[in-house]
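Have a look at this one before I ask anything.
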Amino acid sequence: MADPILEVKNLHVHFETHDGTAEVINGIDFSIDRGETAALVGETGCGKSVTVKSIMGLLPSATIPEGEIRYKGEDVLSLSDAERHSRRGKEMSMIMQDPMTSLNPVLTVGEQMMDVLKWQGRPRLSLSKLVRDALSTGAKAEHRKRAIEMLGEVEISAPERVFESYPVELSGGMRQRVLIAIALLSEPDLLIADEPGTALDVTTEAKVLDLLDELVEERDTSVLYITHDLGVAREVSDRINVMYAGEIVEQAPTVDLFANPQHPYTRGLLESIPTLSTGIGDGIEGHLPDYTNPPAGCRFADRCPHAEAACHEAYPYPRRTGPDHATACHLFDGLPARERHESLAADPVDIGTAPWLAGGGDAPGDISADGGTDQ
Amino acid sequence: MSYVDYLVRRAIHSVPVIFGLSVLIFLISRVIPGDPVRLALGPEATEQQVATLRAEMGLDQPLPMQYADWLFGVVQGDWGMSLRTNNNVFSDIVARLPATLELTVVTLFFAVLLAIPFGVVAGTNKDRWQDHLSRITALFGVSMPRFWVAIVLQIVFVVSLGLLPLSGRLSDGVAPPPAVTNLYLVDSLIAGQFGTFLDAATHLLLPTVALGLATLAQVMRLIRSDMIDEQRKDYVLAARAYGLPNTLIEYKYMLQNAFTSSLTVVGLAFGFLLGNAFLVEIVFAWPGMARYGVQAILYQDFNAIVGVTIVVGIGFVTANFVVDLLYGYLDPRVRLEEG
Amino acid sequence: MSTKTSLPFFDTESAARKERIRQLKRGFRTFAGNKLSLVGLAMILTLVVAALLAPYIAPFPEHAGAGVYFDQASEPPSATHLMGTDTTGRDIFSRVLFGARLSLLMSGIVLSIAISIGVTLGLIAGYLGGTTNTVIMRVTDIFLAIPPTLLAMAVVAATGASLFNVMVAIAFSWWSWYARLVQGEVLSIKEDEFIESSRALGSGWVRTTFKEILPNVVSPITVKATLDMGFVILVGAGLSFLGLGAQPPTPTWGAMIAQGRNYVTSFWWIAVFPGLAISFAVLGFNFIGDGLRDVLDVEVD
Amino acid sequence: MNDSAYTTESTAAAQRDRDLDDPMVTVENLKKHFPLFEGIFQKKAGEVRAVDGVSFSIAEGETFGLVGESGSGKTTTGRSMLRLTEPTSGRVEIDGQNVVDLSDGELKRFRRNMQIVHQDPASSLNPRHRVKSIIEAPLKIHDYGDSEARLERVEELLDMVDLPREFMYRYPGQLSGGQKQRVGIARAVALNPKFVVLDEPTSALDVSVQARIINILEEIQEEFGITYLFITHDLSLLKNVADRIGVMYLGRLVEVGDVDSVFGSPQHPYSRALLSAISTISEEDELAKPDRITLDGEVPDPREKPSGCAFRSRCAHEFDACAVEEPELYERGPDQVARCFLHDDRFEEGAEWE
Amino acid sequence: QGTQQTETTEGSSGGDSTTTEQTSDGGSGASGGNDFHFVAGQVFGTLDPAEQVDYTQGLAAQNLYDELITVDAETLQPTAHIAESWDTEDEGKTWVFTVRDDVTFSDGTPLTADDVAYSLTRMLELQRGYSSFWLDYLDPSNITVRDERTVAFEFNQAYGPALATFVQFYIVNSTVVQENETDGDYGNAYLQNNSAGSGAYVLDNWEQGNSIEASAYEDYWKGWSEDSFDTFRSTVITEESTIKTTMQQGEGDMTDQYMGTQAYAEMDSYANVRVPEVPQLQLFHFPLNCQKAPTDDINVRKAIAYAFDYDSAVNDIIGGGVVAAGPVPREMAGHNGDLVPMEQDLDKAKEFLDKADYSVDEINEIGLEHVVVAGTELQRQMGLLNQAGLSELGIDLEINPLQWARLTDRATSAESTAHMTNIFHTAKMPSPDSHTYLMYHPSSFGSYISQSWYSTDEIAATLEEARQTSDLQSRLEKYEEAQALIVEGMPSVYIANPPYRIGINENVEGWQYRGVMSFDWDVHSMTRSGEGRAK
């Protein structure tokens, strides 16, 4: 971790709801190096979108009581609105999760793309300039060409038509690709992609992933890729962060994670992947805990097949289980991954070792996936 | 449906509207109590005089006959005689409409021009001082009657400060520009008389403010409310994520969505002001149609009432039509309906 | 399968009622969380209480009835006459208090009628479109164009002059604004996907318009309605001057302002204080309206 | 439920004997063309043939999978079948009823039998309604019991889609993407309709939740004999849930067939390309799927469909005849048809397959 | 002198090449020449003198045309004008007028007896305006031109008020008007937009509803003085506040008399405006409807009259003038001086009420209605004052503001006429006839003036006799007799003879009150001392 472009340290995010304060994000830490692609995976509702929106500063209704978000070494949380805004776009950009609602319904796709090309990174813009621009033709042709090119690159057939279309006239996958195209137009240093492939068919998704790859290669862009498709995560990412209920429960390089999944939740997740050969499995029983009244101990304990009474009481701080592998589970022993947990580590909770390890061999016992090849 | 189809259809539909309006107004103008004939002739008039004039005007005929006669006249450009002016109502209106039109259009233009930034600023600074300032202005705009505002403006800007002219469309001694549209601002520019243009503009200033405050208030508050709605929309957040300038986000991404209700009110205000500018016209001695219309109502000048109401009706129909077109233009989701 | 785990903290029995109460409480908390709306509520309550208790708290309750007091005419505000006296010597403060009654009642009634008619027709026209829209909107055009004064005169001629008839008459020319406003909003909302989902469920237009669309158009309605409170009072004044509506000596704010019209330079207080009373009421309603807006605007949560 | 219902080939095969002679849903030559407008005067300037003559049928209690390139018209097919957009032409028969002919009133009542889970979870939920009233809506519309009964049903549905009951009083804005999607599913199945269009119903769900939701859907299918049209791009998932599948390309079905046949031996070049792109996490799967075929070449514009075979511009096997006429659906097995000249006896010489 | 001067720019060196129409600083309004600016509070209806009835129309007629007979400012009696002398024949049935020989119309043609005959025929045929004065008594065929300067009108009975009525008879240029007749309209359409008279000013421009502009006729028969006004202009400004400001800013020379009391007080306080106050031939009263319960009972009427506070009305509301004594204004020749003004006396009021056929409860049951003209403060206050007085008797009074059109409409029948209605009644000719015959003769019923619906055979006979008496003195005696009879029946609460007040720019001289509406706005008789208007 020589040169992290983004470091998130002990981030907490709370929402005020009528049932009380929802502690949605509960002290997460992770970082992304320059040119690295990190994946954030986890159950729906575990707080992935909230995490990245906090990074972007797009959560006006949330409070961040604690934590640090360092972008290129600078704590963005302490910046003013305007300064923060100036970091968006060219520096960090985002592909929003919901393709329909993230496109302005009253502007054509082209208009929205051109705006990004034209205005991005200009912090101040006077009204008169805006009006003057609307009346002039200026560098439009060039921008138009670039935008249409980009639409073509995200595999949109008939990019000219889509350029002239309003979002309602597009299919779900097309909208999503438009969002991707817009984010790519700005060629940011850090790209956050919130489930960008959900609405895409596999061939298209594959193409888009290639495109991202290219971007990473050429511009040394860092990507934070949110997905629930572990297959995709495996394909695109260098590192994977597995999130559960507002906490990161396992962090490891991709190869490592697939070779040696540790947290029971990660294992459950891998098990549930539908495969051509083995079926879709059952998923993991139970729900996410109530964020307004989260358990004091392990947030996964209620659903964990290996949980013991102690799991419900003691907070399972993330611990090092390998050179670059951290897991937040009492089944594992190890030094705390973060300094702030040292006091907890002094008094470890012992609920034994993981059964699949206890068997002695390194063959995983209860999951269907074994280490895949790294692509 | 294409705009051209829509235009044609809408034009066809306004025929029954105007027809219906004329029937209704014709009826109302005859139902409301009062005898315009007697009023026109003065108190000393004899029964016979009254009867003669009544017959002359066809008022002794049954209502449907009267209406038919009137309609027949209208088709030929004869809108009937005004009892108060003894002129053809049509020419009366033609003489007065430009003044009101000029006032109304300029008022709306400035009301909207100011309401947009005020509304946007209030909306994006909800519950901060900008919002409160806008609220207080709005409040003043709607709870103080126009005439009161007008008089206070006169006292401040004419009597105390001596900055602006008191009344009328032009100063004494300034000849109206050569008539083309009879909108002095336009005509003076056409004729290249900039002195006259300035004079006309200074005369417009106070009436415009007095007349436009309420519209400004409504539009401003509606924009504010819609801007607040917009703020949480995903596409606005997305636009922020792309690092677009705030001004662009506010005035393009949010405003265009937020403008529907304000647009409606602006359209309606046009028609409304056309017929209701009278209090301001009266205070500023503005020789407009609204004043004529109110006089017509007070003196129950049948034909003038019907004439003015129809012109105002046409104003409403046109404004609403333009608004509907703009809906379609500003929001592609809105399909043009044959409405 | 074991998905049907019922959660221990959730009691199904009478949950509906409990939830409704909770919901109300939540709504109130949002409302109360907004200080301005509380201020607004306090202002309007003050007015209502003042209106109800006018006979007891007005320093000169008799000044709201028949009587002339020329010996104290046109006095500027003083300790005795907080807001001065009018040209007939009546205490403006007392009359403002009494005036709250009719003024508030009138704008309340007029707006409720106008809003119910206008919003309903606007929703129907906007949602159904086609011929229905054409017919409703063209009729709306007609009503927009008819001067309220004229309509009021006609209604009164047909039904007799009573305050109630006049209010109905004003409401009859007022609804068209709401119809138009709502129709415009509906046009853009009805293309939203959630409306289509509602159709997909088989809901008829009544349900779709009132249950699905209406909640999404309330904010412009509230904004316009709160501002209209003042307008209606002023229009009412115009009509009472034509002998329609509240008659002297009964005070209404609008009529009081209108009476002060010719004294702006000499006795400014005659028009200013009733005007401030209207401002006060409109401000109060506006605060409440904005508060309600926030309660309804769930995304603000 | 039988946890292994879809994990072994044998069960899947056992279910295949459903009665296709008396199908629950029949679509015949369905077309939907969207007009395009241009310029400030909104002149009509051509049309997008989003769905251009689609026919298939689904047996009762069966799941028909629809896959295809993004923008190929899957959603539009589903929506036209339910008349959420008026189809340009064609016939859609559901439960013996020609849906296209229904009057507005009849249609409204008939909607009890056919439901849809929208592709876009966020925009299909009214932002000003609480989850409870969203799920309750179909119950109210079709007069399901009293308020107590409805409440009970809502709770049942929330349990079913794995959402905590407290979510009943949340607004969509407070939910995550996957939570919204589940609300949409709960709403669609609330009345146990006969036919449900599931338009990428689990795209926003992580695999574990997806697995549970799919299981539930199959469970109620079993119980109530519900017929599904399952639109998705997740082929691994489709392989597991569908009985038969159709592959769409540019508004047309290019291959229809039994799921195992199609996956086992795709008969259209596009199907092959599609299957080759499945991302996998296991070695086993990696071997099972065809080698990755990358599709190059111009993607045609749905406004100006090319002559002949729509896929030819990207097809590795293109030959002269492809440009001349459009291939029909050729029978390729007991329950498998494909729209490719490679299977036409006339062109045996030109065809190079495998 | 007399011609409209081309606009010159005061104090401007005039080197501007682009615009020729420089104005002196905005709003001062002083254009070149001596310009008289009348600020009218009401819209002009018509310019045809045969149609004029209201004061703005009167203003136009006064300045653009000449009347046959005018009013003497001192005696307020008819006096020679275009007619330099007259005579009656046939026991007062035929009136013979001799026309001056030095009068020319604005086109230079001399005014002759033919013009007079044509103008009167025109009025009788058009049947508009004041033609009602003669319609019942004079047939057009009985108008004869005896020679170039003599014209005779043969009425069908002796018609005493004839001379007085001819003050409202303006003479038009028969040649010009006849040339411009269309469809037998007697040139009515033409005279809407043109003047064809012998008056001191000639119409330049008329924007109906906004302004009227006229310039001096050089050869006006009365001649011109050095300080006379070159142009005369009237603009319509209806808002009191704006009128006041216009006067205060020195932009107007004269206002009308119809604003609120307070407005005149305010204008009086401006340094550059004076507000003369003179007695006026006007009656303010409320007629009591004598044909409608409960005011059909004389005791009720008396009770109402005694309950009214006349002092407050005159001092606090009108702010001047005198309490009226009977229907005829006190300053008018023919006013019965024996009549005493009323005074408030609640005891007497109660006494009469006790004697009445109706009890207080019955009266309240029926509901007493007092109609006031909508929109004016004075009228409203009168209503309130009456309400306050009657409430002392326990009577509830309903004040009902009506717009003028409605009011005149209701006056057409006794059933629809309110119990009492505020009425200002100004003399339109110098004769008590208008305050007696027009109010209390059954043939006059149905107009807003006659809302008492009260007459007796005796009153009717006396009034008819008066009309037929040609001798002025004995005619006036008859009218006095009639007044005494009328007052006995208490058909009206006669409140006041308000003073006449207008605002005049300090340096306008020569203004004189002349008893008949609009006659004091004869611009020719006025001059300006000093440059421009006083500010």
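When the chains are written out, they are named A, B, C, D and E in that same order, and each has its own residue count from 1.
As a convention for this text, a residue touches a chain if its C-beta (ideal position, glycine included) is under 8 Å from a C-beta of that chain, and two chains touch if they have at least 3 such contacts.
These are the chains along with the protein names UniProt gives them: A, D = Dipeptides/oligopeptides ABC transporter ATP-binding protein; B = Dipeptides/oligopeptides ABC transporter permease; C = Peptide ABC transporter permease.
All values derive from a computational prediction rather than experimental measurement.
Participant: Which chains make contact with chain B and with chain D at once?
Facilitator: A, C
Participant: Hide chain E: connected chain groups?
Facilitator: Contact components excluding chain E, positions unchanged: one piece.
Participant: Common contacts of chain A and chain C?
Facilitator: B, D
Participant: Could you tell me which pair, C-E or A-B, is linked by more C-beta pairs in contact?
Facilitator: A-B
Participant: Could you please state the distance in Å, as a whole number, between where the Cα atoms of chain D are centred and where those of chain E are centred?
Facilitator: Roughly 89 Å separates the two chain centres.
Participant: Whole-Å distance, chain B centre to chain E centre, using C-alpha means?
Facilitator: Once rounded, the distance between the two centres reads 37 Å.
Participant: Averaged over CA atoms, how far is the centre of chain B from the centre of chain C? Could you give it in whole Å?
Facilitator: Between these chains, centre-to-centre, one finds 24 Å.
Participant: Note the residues in chain D that touch 2 or more other chains, in rising order.
Facilitator: Each of 120, 122-123, 162, 164, 166, 169, 173-174, 212, 215 in chain D touches at least two other chains.
Participant: Provide the list of chain A residues touching at least two other chains, using ranges where the numbers run on.
Facilitator: 15, 17-18, 61, 98, 100-101, 168, in rising order.
Participant: Any chance you could list the residues of chain E touching two or more other chains?
Facilitator: 241, 403, 406, in rising order.
Participant: So in the complex, which bits of chain A are touching chain C?
Facilitator: 15-18, 61, 100, 168, 285-286
Participant: Mind listing the chain C positions that touch chain A in their complex?
Facilitator: 2, 5, 22, 26, 29, 191, 193, 299-301
Participant: For a test of understanding, state which residues of chain E touch chain B in their complex under the given definition.
Facilitator: Residues 7, 18-19, 21-24, 26-27, 29-32, 37, 43, 45-46, 48, 51, 53-54, 127-133, 135-136, 188, 192, 207-211, 235-239, 241-242, 245-246, 248-249, 251, 403-406, 408-410, 412, 428, 434, 438, 446-449 of chain E touch chain B in their complex.
Participant: Applying the document's contact rule, which stretches of chain B touch chain A when the two form their complex?
Facilitator: Against chain A, the touching part of chain B is residues 117, 231-235, 237-248, 251-253, 256-257, 330-333.
Participant: Please output the residues of chain D touching chain A within their complex, sorted ascending.
Facilitator: Its residues touching chain A are 3-4, 6-8, 34, 36, 48, 67-76, 119-123, 162-164, 166, 169, 174-179, 181-182, 200, 203-212, 214-215, 233-237, 239-241, 263, 273-274, 277-286, 288-289, 292, 295, 298-303.
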